[in-house]
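Next up: some structures, all given as structure tokens.
Consider the two complexes below, in which chain A is the common component and chain B and chain C are the respective partners.
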Partner chain A sequence: MSILTKPTDSGLVEPLPVGTPQKSAWQRYRWILWVVVLGAALAFPYVVDRPRFWIPNIGIKSLWLGTIAMSLVFLNRYVGLLSLAQMTLAGIAAYGVGYMVVTLDQSVFLAVPVGILVGTVAGFLVALIAARTKAIYFLMITLAIGQVVYSFASQSIEVTNARRGLAPIPRPDLGVVDFTQLHIFYYGALAAAVLCYLLCRYVAATSFGLALQGIRDSPERMSALGYNVNRYRIAAMTFTAFIASIGGVIMVFDRAQVDPDVVSLSSTLDILVVAVIGGVGSLGGVFIGGIVLTLLDNFAQNVTERYMTLTGLVFIVVLLFAPTGLAGVGKQVVRALSTRRRAPQAPTAPDVPTPPGITDPSNERKQQ
Partner chain B sequence: MTLNTKRTAFAAASAGAGLVLLLAGCAPAGTGGDSGGDSGDGGSDTIKIGVLATSEGNLAFGMGEAKAAIGVAMEARGGTVDGGEVGGKKVEFVYEGTDGTSGSAQTKVKKLVENDGVDIVFGPVSGDEGEAVVQYALTTPDITFVNGSASPVSMTLEGAENFFRFHGDSAMWMGGLGDYAYNDKGYKKIYSIAEDYSFPYDNAGGFFSEFCAAGGEVNGNSWVPVGTTDYATILSQIPADTDAVYVGLGGADAASFLSQAVTAGVNKPLVGGSIAVDTTALSGDANIGQAAIGTITGGPVPGADYDNPDWKTFVDAYATQPDAFPSPSIFSILYYNSFESLLLGIEDVKGDLGDGQADLRSALEATSWDSPTGPISMDENRQAVVDNFLVEVAAGDGGALTLTDVSEANGVKQGTTVYDRFDGCP
Partner chain C sequence: MDQFLLIALNGLTLGAVYFLVASGLTLIFGLMRVITMAHGTSYLLGGYLGYVVARETGNWFLGALGGAVAVGILGLLIHQLLIRRFQDDDMRVALITLGVSLIGTDLMLATFGGTATQVPLPPELQIGLELPGIGQYPLIRLLILGVSIAVGVGLWLFVNRTRFGSIVRAGVDDSQMTSATGINVRVVFALIFVLGSALAGFAGVVGGTLFPLLPGQDGTYLLFSLVVVIVGGMGSIPGAAIGATLVGLISQFSLVFAPTYSLVLTFALMVVVLAFRPQGILGRRAATA
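So, the complex of A and B:
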């Protein structure tokens, strides 16, 4: 031990670089990862063999599933609320667009903003009721509101045309941008999804986002500091309703129709499955979840006729072996590798003094 | 820190937007608009048929029934459910299961057409799916669509020239019953209770339009949500002078309605919607069974005593199929009639799908054959003109209930009305 405390060159200089380059390497790695992912997403329509199948069934659907699930993840990660109403809000936005286009025969220039507005306002109204509760009660209230909307959508002939729904809602040709072309609609959806992601990241980093995280960690303390916890929660839910509505608008143009199916319980659960498979702590991971779900949806039947069972099994496997979702797998692997790399060092050299930066337990915790 | 994030975000957003605009300029092969798949290869020796049926959800047996129907038709030609030879061409099947929802049907039909490259789509099962598939058919004119068992009236009124339905819609399933109720049964006033969604609108609409035209009167309508268990308030609304009650409820709901009606002492004759009379559900209780006797209903399924050699041949062939029910369900009958019509069309053109399948479509438009449930011909909307069966609940062996044929309505044609929820006469 006396050797350790002795100020030698190897003892003092080494610990510092050990900590710093590791962190920056991880960050550089993340940037490369993002570039690769974005590159892959941009190249996607050009590399698949049957673009007219892959772009809508896998690409665009993953994007809207992901965007809606991202709103759920934002609420869960930064506010600590698990909402099952996100798909409902997206569906309300979709109905808004459908009502404007089909029933009122309006242009999409008006329909899209109205759809997003309707979804966002609906989110605000849901928040007024639900924000007073937390945890399981919040989950149940949002689920119940979703079911109310489903019943309404299935029966209101005047507004939603009941079970028949509203159709057709064609993708628009805006002159400069022709969304009737599948790949252009895909890039539009991709741009919207990326912007939603950046907006979520930005909002999380503002003082508003920091206050939300404070509320998540200790609502009582934030309340004591003078923050109106309820108002913050309502604002956060309204914001996520806006994100979900954007997902809903992509969805309605992808499906070219809207019917009660979009606000049904199974659609709500799809969003939850996407969020959990991707990782409920990761804003970007939802898109991995979306891709996994759409791939299962389309190809699980090549393996078994009971394709929903397979989806359920994948869900359970992810929960068991990757509790942080597929987005957390990378970190899990890195951690597993680093512990294995470190593990053999300990028994082989128990007496040899190692630099303090590595063996100090408190330091180790900080690195993780 | 905030400023930094802002700047990075802005840079990333503008870079992304730039790339999107750049890439959008040049389209990948075969994505221009929604104008059909790339599978219209008329010269090929194989005809690929994509089959859509429900394999999940409460209609999960749909796939088994579809396969039984295809099995019957293919085995008669020396083939199997996996394929065979029709009209000198090899026929292959791609089966896709759905869960009965429109979203699922949209995904799967796109997969069949765009990924599996089928020439013909055969299906789907449920009405929700059917409306979604018709919308898709409108965007893919190169593919021919043959309906499975979806029955909304609107499907063949959308103007999809590549979409064919070889069975009646849900309004036609009541064809002849309104007249029969008014003239033969002598019901002048009928109270209507039906579930509140599109199938009962069409089904009840079909019945009451005919009943009212014959001179009948509707003395009240109740629209209830699917799954209603308490009918006390509705039972008390039924006027005393009503001659009969129209029950447009699903099998389980109809059984609980009837049990409460028996308890409440409401003893009116019943007219059932096409899915109301489930003899298994009604046989459970002797009192209810007794009350159900005499209920008349209509639909594409003949009664137990239906006398037609083609029907007997079909029932026997159906019984040899794996996973067959004791008797064919409505789904296997409709899938069989539709699929046999399609195969006859393919044989007619000797498997030639060239010229955007124009010859095949002309052959299908000219379809005319004697199906197990009577003659099938087509109208100008590519919708079949069919026979419809009027059946009555009767006591069978050992207290169980059966359905007996009381009448047949021949050559029932589709109307042009898509029914919505209505008060009084539609």
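So, the complex of A and C:
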């Protein structure tokens, strides 16, 4: 898990799948897993018993939580920086949309690009401040920036309407696609999340992405080779801000409003929980994390009122015992079982995993 | 002019509280190279416990002692159960303690509710003091300023001038060699963590006497302690004093002249310091790596 390693040795800890010795069976059948996961995601609105509950509370929320967490994971995996500002950037994008729609009374066609732009530019500015630092300092500074944005959002009447927030931000009916219908909106969010995932994979494979990984492993050497390390870091953070902003736009239409809670410390921690449960090295694993968190969120309330305590406990347990997250547990088990060569099993539509989740075999194969 | 002096003094006393909180954080970081994100939680818990003890016993000092000791013991538990194994892994410690703070926030809300409480102060301390150029000023604020200065000087002497302090510094520089000389480094680190947590708990009682205790303040005080140590330089106790003074003064002056932007200005301070000295005002160069 690269967040938990010093920058100098992180390359050894999280080898890319290409180099792993037991890749054959796993790599060959991975597309099956993909088809199954996508199929399950596409069928999801039609197989659940109570669509009006499942689609927004589990489906759509997992998607935007996952997308925002994916931006965190990208930054961590390929640049070696752990940022706690990703939820803040998503929240800024959400505020951008809200300000355009509610305060300026503009159409969504304008509001969505402006929201994404605002979030991305905010990410660039955060990067200018934070890129000079690394590791624990970077974590602290991004956390501090997030808290400052939170307090600004909850105080500034003119811009953010303070604690009341900006509302209503209805989902648009674009004629051809009617986002006011829940399942259409779900598919829109799914498409956005998948595109973000593919974009992250693509960027990681470009020469830019390779340079980032070089910088992660040895900034001094890359600097000696003539790379401007700081500029690359800033560019990477701006890119992840763009991804987080897309998550923020989905979020704002899901919630139909934006208030300071979206940039609060506990929302920031939600994203971190999603990323850590999903495995902070795995881009796709975040969606497992999203599902686990939303399920906890919705079903733990039947068992206990202390849902946040439960989330915190799961978070700590995952960190203590499975530092590569649920997706990483899958990888470890695959390695251990490699003699048995079973084809990846079909993950069913989201089932309720046991809260620690890490010993539940049905979860282990959902992602690489 | 009177008003200016008054605001400055308010800023200094606020800075004194910030220093008390941040000193524990910077002590732990300076000596153990880990950062605990549960520090704001320790602050708020200390405040609440101090409130309960002071209300039951009617004695403020027992409350302060109770808050500090209880949070110190909790710190020992957290260190032994969650942190000790990951001593060399600062990121994981930061994340685990963030999890602890999430749990702490929730449990404190469940236990102490959402309404504001304040640690009761003995009546003989609820008096004003006539100050030249200012007029009546609450004695307790001046006392807290004095306590804070005493704690700061004490900590600095403790780390830099005592045998235990030199053991701790040796343990940071080379824990294996220090162990080889017959010192139990683990016990030393555990004690430092307990001391840092107890300081946060004590700060909570002090802060809870001046200001109301509310849910969400764990996050606020975590933020302020982070800003203070970032500005002052991680691990430096004099740096934390400078950082806390600056943050306190900026908070109070902006509260009067630009209330909405109080935190934004504090943040601007952090940006300016980072732009010119990424390691903080008194931070060591090596600390940025």
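What we mean here is this: the second predicted complex is superposed on the first by the 311 of 368 C-alpha atoms of A that agree within 3 Å, B and C clash if a C-alpha of one lies under 4 Å from a C-alpha of the other, contacts with A are read in each partner's own complex, and residues count from 1 in each chain.
By definition in this document, a contact is a pair of C-beta atoms (placed from the backbone, for glycine too) under 8 Å apart; a residue touches a chain by one contact, two chains touch by 3 or more.
Computed from a predicted model, the values in this text were never measured in an experiment.
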item	value
Joint occupancy of chain A by chain B and chain C, clash or fit	clash
First (chain B), second (chain C), both or neither touched by A:I145	second
Which of chain B and chain C A:V37 touches, first, second, both or neither	neither
Which of chain B and chain C A:S266 touches, first, second, both or neither	both
Partner chain(s) touched by A:G312 [first = chain B, second = chain C, both, neither]	second
Partner chain in contact with A:L104 - chain B first, chain C second, else both or neither	neither
First (chain B), second (chain C), both or neither touched by A:Y46	first
Chain B versus chain C as contact partner of A:S156, first or second or both or neither	second
Most chain A residues touched (candidates chain B, chain C)	B
Overlap of chain C and chain B interfaces on chain A (superposed complexes)	151, 155, 157, 264, 266, 305-308
Contact set on chain A toward chain C in their complex	3-5, 82, 129, 132-137, 139-141, 143-145, 147-148, 151-152, 155-157, 264-266, 269, 272, 276, 305-309, 311-313, 315-316, 319-320, 323
Touching residues on chain A, where the partner in the complex is chain B	38, 42, 45-46, 50-57, 61, 151, 154-155, 157, 162-165, 167-168, 177, 180-184, 187-188, 190-191, 194-195, 198, 201-202, 205-206, 255-257, 259, 261-262, 264, 266-267, 297-298, 301, 305-308
Residues of chain B touching chain A in the complex	1-2, 5-6, 9, 12-13, 16-17, 19-20, 23-24, 27-34, 37-38, 55-56, 63, 96-97, 99, 101-103, 106-107, 110-111, 114-115, 127-128, 131-132, 135, 138-139, 152, 154, 196-198, 225, 420-421
For the chain C and chain A complex, residues of the former touching the latter	35, 37, 82, 89-92, 94-96, 98-100, 102-103, 105-107, 110, 219-220, 222-223, 226-227, 230, 234, 260, 263-264, 266-267, 270-271, 274-275, 278, 288-289
